[in-house]
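Attaching a single structure in structure tokens format; questions to follow.
Chain nomenclature is as follows: A, B and C, assigned in order of appearance, with residue numbering initiated at 1 for each chain independently.
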Amino acid sequence: MFEARLTSAATLKKVLEAVKELLNEASFDCSDSGIQLQAMDNSHVSLVSLTLRSDGFDKYRCDRSLTMGMNLASMSKILKCANNDDTVTIKAQDDADTVTFVFESKKQEKISDYEMKLMNLDQEHLGIPETDFSCVIRMPSVEFARIVRDLAQFGETVLICCTKEGVKFSVSGDVGSANVKLAQTNNFDKEEESVSIEMQEPVSLSFACQYLISFTKATPLSPRVQLSMSSNVPLVVEYEIAELGYIRYYLAPKIEDDEN
Amino acid sequence: MFEARLTSAATLKKVLEAVKELLNEASFDCSDSGIQLQAMDNSHVSLVSLTLRSDGFDKYRCDRSLTMGMNLASMSKILKCANNDDTVTIKAQDDADTVTFVFESKKQEKISDYEMKLMNLDQEHLGIPETDFSCVIRMPSVEFARIVRDLAQFGETVLICCTKEGVKFSVSGDVGSANVKLAQTNNFDKEEESVSIEMQEPVSLSFACQYLISFTKATPLSPRVQLSMSSNVPLVVEYEIAELGYIRYYLAPKIEDDEN
Amino acid sequence: MFEARLTSAATLKKVLEAVKELLNEASFDCSDSGIQLQAMDNSHVSLVSLTLRSDGFDKYRCDRSLTMGMNLASMSKILKCANNDDTVTIKAQDDADTVTFVFESKKQEKISDYEMKLMNLDQEHLGIPETDFSCVIRMPSVEFARIVRDLAQFGETVLICCTKEGVKFSVSGDVGSANVKLAQTNNFDKEEESVSIEMQEPVSLSFACQYLISFTKATPLSPRVQLSMSSNVPLVVEYEIAELGYIRYYLAPKIEDDEN
């Protein structure tokens, strides 16, 4: 028996929005410690890693570890039927081929259940090595989303340069070229709006804009985003999920030959 | 001479939105007692019945009964030119082949008139027998619209089961199955949000989702909707139009052979 | 060296919206006195004339007159990257083949620059004679936009009749005919909402709706619009740009043979 309950469906809806553009289907690994999802995106370029800890749920029970393969478009359809303040419970039998989502309104006058067929998906277990990064940038998530969306209009590749002073995003293309510079800020009174940089050494790396845009679908999950970069290793874009865990996206830098 | 005036164009705009998805054109029967419209939808499956009583208008004059055949897409275009708080007057000569809509702003500084050609439409006079229903459900109209829209994503047919405890809407399809249960509520302090059921005997009937969705275009007309059901007779979905009358939609249940 | 700065990008964004539907590209003539743009629309029917005076900018420097040919779709893409309250600076070298737009956030923590290639455009220098008009109508710009949009649904040509009492807009087409009458108002307490008419002699002229609709893209620039009409000369539709200048659109009336 598996059962996990959240008092607000809003979080789960946002989690799904954060992954469904990159993944058509996904395996959710459920165990005593929580729910994990790890998968390459549909084009096998970037990697998504989601962790929802069991202690962040309002109720969590997992008698036996199980893996549930879900079609994310179907799951998204179902979650859109929940009101943001509905309680949501995910339920499955140990050897079930279906999962059930139960939505309860606050006053219990409306109870909905949606049963969805599970899928058998090939599991790729991916080792993600822990790395020390040359630069770790923390900034408002809406600012990152805005920059990526703005610059993607002018070119396919964005160059991110990080120094102690700040971070610069650059693209160039047919129309011309564009640069957006963010200075490191020191306003500790409004920490949520600050740009902070932890730097061992400066880094300049290029990335495909289209994947960064997909990553920013996670913006509603957190007011802050963290970018971790080192030469020759994938960029990590991380959004915290309050009290529950995090979602991390990994994207390898473009090497120079790729850029033209 | 026919002349009917409402001090707010908003109601008439909502009435038109409530019928124009089901009907391309319609005959408005105008008499001393008011305006009536009765028609099968374009696919001849459901029936729409609209009554606007003469005493609900701010001014109403109908010297001789007349029938005005109107193209509803054209009428909708015209009504969209009115501001919600404009006074609207519908005018026609006794033997006219045009109808005129006059919109006046509150301060009279803007007066618009739109003259539209009338159409000769075949009239089907449909007798609708009065029935005693096994179940009459009253609920918030937005809740009904939400349930119908949510469930229509998962199948073409919705089963509505009504008992004393409450009403259950169910669909099943490729993705899986879904049930939404509403309990009868007894909060007389917020009557508008309550779900109330008058039941002679339990009823379970299946209906085509697509028509129910069209009916819910009437939602802006009223905070409440009433569903009346008996075995083997059409469902009646009714929305009151404050002070003026009502709109009713009739839809025959699917018999079991139809359901697959 | 050319440099022009505005403390709010919003105005420049609105100016571009006001011209980009009519013009694919345009030559901005920059001189000591300010920035001028004059061009026939893409179909060579109407004329756009834009004036931004140098003294309306927060900083303005133009060492040598220059003409910058810009692709307006590209320029619009760039301006959409500015926040409304960003400071915007337009920069070019005297003999440059690029122009640079710099956006600075209020607290200077974000600075973006967009460099765009310039184009060589054929320059048509158009003499616009000053005319005394038979009728000059001033009215709320949103009201004018609403009337033009409403009536364009019913026909391609709008007849504008101006007398001392007011102005009437009329169209007719397949659906029927429509008239919108605005009375001259004398409420000096709410001057912004008034309709005022200066008339030497009554005028009735017909115009193609589609161009009037394009002109109303300038509505966000000003709460008021001014229509100037005389028989046999182009209509002038003018929107003031607060502190900076104006945008004027010219459109020749249709002669009767054109109307069918």
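Methods note: a residue touches a chain if its C-beta (ideal position, glycine included) is under 8 Å from a C-beta of that chain, and two chains touch if they have at least 3 such contacts.
Note that the coordinates shown come from a computational prediction; the quantities given were computed from them, not determined experimentally.
Enquirer: Answer with line, ring, star, complete or other to describe the graph linking chains that touch.
Expert: Graph shape, chains as nodes and touching pairs as edges: complete.
Enquirer: Taking all residue numbers at the subunit A/subunit B interface, are over half used by both copies (same) or under half (different)?
Expert: Subunit A and subunit B contact each other through largely non-matching residue numbers.
Enquirer: For the identical-sequence pair subunit A and subunit C, what's the CA-based rotation angle in degrees, nearest 5?
Expert: Between subunit A and subunit C, the superposition angle is 120 degrees.
Enquirer: Centre to centre, by mean C-alpha position, how many angstrom separate subunit A and subunit B?
Expert: 44
Enquirer: What are the residues of subunit B that contact at least two other chains?
Expert: Subunit B, residues with two or more chain partners: not present.
Enquirer: In their shared complex, at which residues does subunit B touch subunit C?
Expert: Per the touch definition, subunit B meets subunit C at residues 71, 74, 77-78, 80-81, 98, 108-117.
Enquirer: With touch defined as at the start, can you tell me which subunit B residues reach subunit A in the complex?
Expert: 143, 150, 153-154, 175-183, 185, 195
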